[in-house]
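Chain lettering (A, B, C, D and E) follows the sequence in which the chains are written, and residue indices restart at 1 in each chain.
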Amino acid sequence: MQLWLIPTIPLVGAMINLIFGKRLSKTVINAVAIGSVLFSFLWVLKTLSGLGSLEEAHVERYFSWIQSGTLNVGWDFAVDRLTAVMLLVVTGVGTLIHIYAAGYMAHESGYYRFFSYLNLFMFFMLTLVLGANYLVLFVGWEGVGLCSYLLIGFYFLKKSAGDAGKKAFIVNRVGDFGFSLAMFLIFGLFGSLDFGTVMEKAKGLPVEAGIGAVTLICLLLLLGATGKSAQVPLYVWLPDAMEGPTPVSALIHAATMVTAGVYMVARSSSLFLKAPLAMDAVAIIGLVTAVLAAIIGLAQNDIKKVFAYSTVSQLGYMFLALGVGAFSAGIFHVVTHAFFKALLFLGAGSVIHALEGEQDMRHMGGLMKKTPVTFAVLLCAAVAIAGVPPFSGFHSKDAILLAAYARAPWMYWVGVVTAGMTAFYVFRAIFMTFFGKPRGHHHPHESPWIMLGPLVVLAALSLGGGYIPVPEYLEPVLGPLHEGHDTMLVATSVIAGLVGIGLSFLFYVMAPRIPESIGRAMGGVYTLVYNKFFVDEFYDATIIDPIKDGSTSVLWHVVDQGMIDGTVNGVGHRARGIGGVLKRLQSGYIRSYAAWVVLGALVVIAAISFAGGLH
Amino acid sequence: MDAILFLLFATLAVIAAINLVVQTHPISSALSLIGVMASLAVLYLLLGAEFLAAVQLVVYAGAIMVLFVFVIMLLNAGAEKRQHSRSMMATVLGVPLLAGFLALIAYLIRTNMPKTSQVVFGSFKQGGPQDIGRALFTSYVLPFEVTSVLILIAIIGAVVLARKEI
Amino acid sequence: MPVNFMPSGTDLFRFMPEIILTLAGTLVMVLEPLRPRGNRGLIYAFSLVALFAAMAASVLSFSDPGAAFQKMLIIDGFATFFRVLVIAVGILTVLSSHQYLGQEKAESGEYYALVMFSIVGQCVMVSANELIMLFIGLEVSSIATYILAGYLRDDKRNNESALKYFLLGSFATAFLLYGISWIYGLTGYTNLDEIRRVLSTPELRPSVAMTGAAAALMFVGFAFKISAAPFQVWAPDVYQGAPAPVSAFMSAGPKAAGFAIFLRVFMTAFQPIADRWEPIVWISALLTMVIGNFAALQQTNIKRLLAYSSIAHAGYVLVAVTSHSEVGTSAAMFYLASYAFMNIGAFAVVTYFSRKGEKYLAVEDLAGLGQRQPGTALLFTVFLLSLIGVPLTGGFFAKFYVFKAALDSNLIWLSVLALLNSAVGAYYYLRIIVVMYMHEPGAACDNLPPLPAGIRATLWSAAVVTVLLGIFPSLVLDFAGRSVGFVR
Amino acid sequence: MMLNLVLFLPLLGFLAVLLLPKETARLGSLLVSLAVFVLSLGLIGPVLDSPAAYSFVTDNIWISSPQIHYHLGIDGLSLWLVILSTFLTPICILASWNSIQKRVKEFFALLLLLEFGVIGVFISLDLFLFYVFFEVSLVPMFLLIGVWGHDKRIYAAVKFFLYTLTGSLLMLGAMIFLYNRGGTFDYVMLLEMLRNGKLALSSTEQFWLFMAFFLAFAIKVPLFPLHTWLPDAHGEAPTAGSIMLASVMLKMGTYGLVRFNLPMFPSASRANAGWIVALAIIGIIYGALVAMVQPNMKRLVAYSSVSHLGFVVLGIFSFNQIGLDGAVYQMLNHGISTGALFLIVGFLYERRHSLEIKDYGGVATLAPQLATVFMVAMLASVGLPTLNNFVGEFLVLQGAALVDFKWAVFAAVGVILSAVYMLWMYQRTFFGDASDEVKHHMPDLTAREWAISIPLLVMMIWMGMGSGGFLAPIGASNSATLLQTKRNVDFQVKTTPSVLAQSGEIKHAR
Amino acid sequence: MPELPFPIPATVPVSWYLILSAILFTLGVTGFLIRRNIITVFMSIELMLNAVNLSFVAFSYQLKQIDGHIYSFFVMVVAAAEAAVGLAIILTVFKNRSTLQIDDVSSMKN
């Protein structure tokens, strides 16, 4: 079915724009960039319709990549229902965001470069989801990381942008470290890296009680996933990644790339099911991330940072779903999240566009009238994320919370509290931006329709996306969702969301003094939260600085230059020293020389006469 | 009688040699050396080396030593100046080295040479000029001829090093 | 003992090279006053012709090998090898001296005569089969060299060099003689084969301790000539002070001849007590390498540096001697041959570069030679690389064969130490290359005269031989390998 | 004959360039090197047909006593290394086209001489011949660094020479020892004798011989802690020198390990694998950490080489097909990607005349093409999948993981760190605002520079995407080597992965 | 002849000659080491050669051969040649430096 065309067309688009972009007009660049993604989307649709119900995976093998001994990895693509969902989300949302970006980036320099990178990202993301083995997945995995790096650092004249890009890449590398180690173990254990083979063999394994090989594999995969999907402890790069242009934040850091970790864990579900300890680890990491990010999100003032922490928090939700065994719920949340979070970011982008680059919510306010469409679509996204029924977020979040309750009630309760906080800070952002009086000196204007169009589409999806039967569709791949439909529990979580919205309304519309006084009252805690629990600083102080200083002052200066080179040069120096002593023997005096001769003669005679032979 | 002669001239030779070593004026040393040579000539006779004894006196003590004395006179070489010896090696190691050296050699000779073979004057009669001459011009004709090259070199050397202009 | 006063035709035939050189030397002395005023080329050319004739004669005489003059001499492969070598050294010395003497205003027939007489002495040494013959050859060679070392009699360095060489040389010779006298007394012979026979026959065997002492005394004399530790002390001063072409000559010719007699005596006469002298040579080899290489590290005067290097190379040859096997002997022969050429080449560059009065002798003076005179620098580099022992040069195979011989005789530690020593040695040769190519040209490289024909010929022939030995070592090694059967 | 031609054409070129007038040196040497490259491509076909055996064998007696053979041959192991050498030489010549202005003739001639030496190293099948080439290649590199290098060039050149010489001399000693025991220097014959027991070495002998060879190669590689000559040599060498040094000459060490140490001293190799791997891993991490804090680009890349070559050694001493294939492949990868890095650093140096990272910044604005090319090379170097280094590193780590999972864990840390130092350097060099000095001296890539870069970029992608064609001959020759190491092995290292042992499920061939 | 307090042997063994030779040789070496006048140093060498000659002659007596005498003879010839050359060298040194102190001739060292 020519699966390879799906990623390759964006790649071709990327290459065209990269090589010739400087000489092309914006229209042509747009046509190439958007066209190629759109083509991919259409090709996905065509492929999927051609493949029918997809009960079994459809695999296409192209050519051998690495072949050594028993290791044989090929460039293989496969489509099953999980991939199909991901493909649709990636190409669909991707197309919308490309269109949006054409408007958003219209006045930026490096236009061609931006679209080239964006297309390249599509290539790698599609490779990631299409890969039929871990190594091809890894290609996409690293590739999206690269594009993320390039796009975060798009404004590379700004040091912070460069720093953020580098940070993203390196933190991801730490995750990849785990991922690659997991691959080595998988190959060692199963003799193959093909998903089909591995999952087939994994199903035959017993469930592990302690930390066995499979658990180790899963924990390492989890490490990889925490990097890519910004989970504790490797989430730190994502908020910084907001240095990139907003469409990038929407596409890469909200809708698609960051969910790669979720996809990968879901893809390895057969393995995880054999490793309950690892499952617990996934769930707990998800929960901790969800709560922590939500708390930090409460106190952020940069609109994109709020949504970034929200993304981290929502990703935590997805991990929670995976950890409690509700894989399809997790993927379901990936889908709905893609809609509403992309919308939130794009809407925020529209706001920022309207305010000519202003991102601090304290300088916004009162935009409701000036940018009504943006307001409307953002509101749609907000109710979706807040879990207000019957919008999309409600359905997916509900599925997750119920599954969590089935696993352990306390997880459910933590999830509910987080849901409340989510509703609070999202609406806080809405209220601070659109309500009240304008606090900035700008002359806001509504965005052009090339930007608003995609927003509207996404808004529709955010509202109605919950009715797409994703979990049911995924059953053949990820198994059914076991959820008792407990109305009380559903109601509780909905109420939590509504309480969050209500408090937010109280604090930021009715009585704007309250947050300030709360902040004063809780001084220390507030500072802690406002500064994101000083996690970055903690990493700097405990890991980065010691490594940098240690490398400079200990390894380079002391070990390399001092000890090793010192020894080498010392040997040289010592040799010259010996030479200095030896040449002193040549005093220049004939009689001394004669004394040497006599001494030598004496020794030689004595030795030969008395000492005898050595043998 | 042989023994007394040996002891007498051996003592003389050693005393002269010591004098050579301890005298600071080269002329005294040269004269001491002649004394040594003369004593040795007597010992050569005792050992039956008549021809050598003669050559020792005529050529060695006579011609060669005259050359030495001549040069000493020519250069007007006075007594050595008393100055601090700068050859560390020679100063520090000299005496123990020499004592060790002599002890070693003497020990080897004492322990390894047969003590029975006595030197009796006149028992060896082939040391005359005739025998020497025959040997020189038969078995040793080649070294003999080659020494002529040596003499030639010595002449050239003296010429090269001593003449005024090249 | 049937003896004739007149030597036979065979004797003379086998002695032809020495005769030719002696006659030529004498003739030069005769011609000297007759030559046209100012024209020195004639004597120079005549000497070359004589040397070539002598070389041809020594090759020719090998067509009928055997003893001569009542076994005083033995013309075998070993002797022929070294005869050709020392005569070749003589040719290169004469070639590189002509211009030097001219610029020092010291060119005269005596110089060439002395070179030739010295070579006569060395030829006698290497073919001597008898201690007294050996001694006289040694003296002929040495005394001529003493004079050559002090040839420029108005030069203080020359005087000092000659005096030191002369006094210490005579001193060491006295030890050698003392040893010879003991050997004579103990065995009753001075013929090497006879000595060997006596020493290896149990009932005739004299006291081992005393024989050993005699061997030791002779070792002192030989070690002095080949500048082996701890008798190497004279070499740096003498090489530094002597005229550059003479230093080249001394480090190649007399040294090779010294090794030849050392090898012949110790491998023939003293082979029966080899287990006694082997440890001594072992230690001496090590000390020689160490002293030569390490002391050279700090030298700034290039002649002195090459002197120390010459000591170090003697050490490597001694490693071959230590193995006291036929392989070792042939390795030593190969080493001496290749060393002679590379070292004369190196000294020839110094001769050319130092100019009148040997002004430019510091290593630093060579700065920029690679730019000013790329050809000369390239040739010098070839010699230096060969001295280091880089492959495709004779020096490499020389070291290789030495190590091989040593490992053959299970001298593993000595080989390892020798290997490490040659790494140390690389440093100071490299420094010269560094200065030539990597430093900016200094004042010393300005106004370099064009390369004189004689030196050019020396450099090229030495380089060609060095490279040739580096690519086809069998040319020489096979011959050496066939020539080491001393025991007849 | 073909192989002889490939070997000697550079030597003839060397002589010709020396003798021809100065003006023709550049073009002449380029033509010669291109001709050599084209000729060397002709070697591929026959080797692919029988990669485990030697093709193009020439075996004559060079020196009769001791018998030294002029024995050349090429197999799957050496094939790509030869091609790498012939491929990079024209690139080096083009890279030096304008930057070398003094003593032009000598420079290009020496490059050809160097090519002669390195090709010889890779195709010698006689220990002695190998040694000869091993040393011969030293001299031109010494001069390249010493004459055309930067400020501290002399120190660096001498250090380079002495370090390498010291190691190789001990190897020479070991070779002679082998000769004395086995009666030949011929590699093939020695191997055969070791195989059938005609030449039996005691374990002590094997150990010392192994160590002598190992030391020579470990210095060349360079393996921690013998690496300190490398930053100096790279830091001071001219661009072409750095490229040849990093891309080809370091491989002489790892090649030697695979060619000689493993098959000739199998039990010693296995017995000592533990600490060697430990050193390799220390080198991986250590090199990366020190690279991270280097202020000088070339030194940074040099330390990164220490790290990358650690992977190669790790793969070699994993003693399995995957690890060994990865190691050999990684040699080629490192040659291409590090060569490219040095090349581009050379481009930067030609513009700004500085190697200090702090003197740059903002280059990406002024020279986006240069930045892009560097980006690709950098990504290759940090092991991005689809680019070449990834394949090698993956295989090495996989191979190591199969032996001992801990090895892979530690070594993989190096992969993280490689991103750290490279990206940091990239950021400081290319991002941010450009200073005035940079602004005035930073034109974008010229046609010539593109012409040199493109082949390297193409190779990075080709080798990264389709490694099969390259790996096939390597694998075949490696499996022969591994077979050899399994013979006469009196004891085996623990090859069961401790982690995997627990699950009791491991049934796969290695 | 009056009786002596200790018996004097009629003859002495050859080894006594050899020991005398050793003593003289050592004294020659001593002279070389401790004397500072170049000419005296040179004379010490002559003393050593004389000692060697004595040794040759003594051995020759012991072996009842004439060869030792021949060797002694050659040594004398060599000594003569050496003396000529050596004194010439000493003359040039003196001319250039106006000194005969041996330690003054030490400009080249280390």
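Just so we're on the same page, a residue touches a chain if its C-beta (ideal position, glycine included) is under 8 Å from a C-beta of that chain, and two chains touch if they have at least 3 such contacts.
No experiment lies behind these values; they were computed from the predicted model shown.
Chains touching both subunit C and subunit D: A. Legend note: the chain whose CA centroid lies nearest the centroid of all displayed protein CA atoms is D.
The greatest centre-to-centre distance from subunit D, using averaged C-alpha positions, is reached by B. Greatest centre-to-centre distance from subunit C is found for A, with centres as Cα means. The chain pair sharing the most C-beta contacts is B-E.
Here the CA centre of subunit B is 30 Å from the CA centre of subunit C.
A separation of 77 Å divides the Cα centre of subunit A from that of subunit C. Subunit B and subunit E have centres, each the mean of its CA atoms, that are 4 Å apart.
Look at where the CA atoms of subunit C average out and do the same for subunit E: the two points lie 28 Å apart. Residue positions of subunit A with contacts to 2 or more other chains are 572, 583, 586-596, 598-599, 601, 605, 609. The residues of subunit C that reach two or more other chains are 132, 136, 139, 143, 146-147, 150, 153, 163-164, 167, 171, 209-210, 213, 236-237, 427, listed in rising order. Residues of subunit D found to touch two or more other chains are 162. Each chain pair that touches appears in this list: A-B, A-C, A-D, A-E, B-C, B-E, C-D, C-E.
Every residue of subunit A that touches subunit D in the complex is listed here, in rising order: 18, 63-71, 75, 113, 135, 138-139, 142-143, 146, 149, 153, 156-157, 159, 161-163, 165-166, 169-170, 173-174, 176-177, 180-181, 183-185, 187-191, 205, 208, 212-214, 216, 547-548, 550-552, 555-556, 559-561, 563-565, 568, 572. Within the complex formed with subunit A, the subunit B residues making contact are 86-90, 93-94, 97-98, 100-101, 104-105, 108. On subunit D, the positions that touch subunit A within their shared complex are 159, 162-163, 225, 227-229, 231, 286, 289-290, 292-294, 320-322, 325-326, 362, 364-365, 368, 372, 379, 384-386, 390-391, 394-395, 397-398, 401-402, 405, 408-409, 412-413, 415-416, 419-420, 423-424, 427, 430-433, 465-468, 471-472, 475, 479, 497, 499-500, 502-503, 505-510. Of all the residues in subunit E, the ones that touch subunit C in their complex are 18, 25, 28, 32, 38, 41-42, 45, 48-49, 51-52, 55-56, 58-59, 62-63, 65, 67-68, 70-71, 74-75, 78, 81-82, 85-86, 88-90, 92-93, 95-97, 105-109.
Note for the complex: subunit C touches subunit D at residues 370-371, 374, 385, 388, 390-392, 396, 400, 403-404, 407-408, 412, 415-416, 419-420, 422-423, 426-427, 430-431, 433-434, 437-438, 472-474, 477-478, 481.
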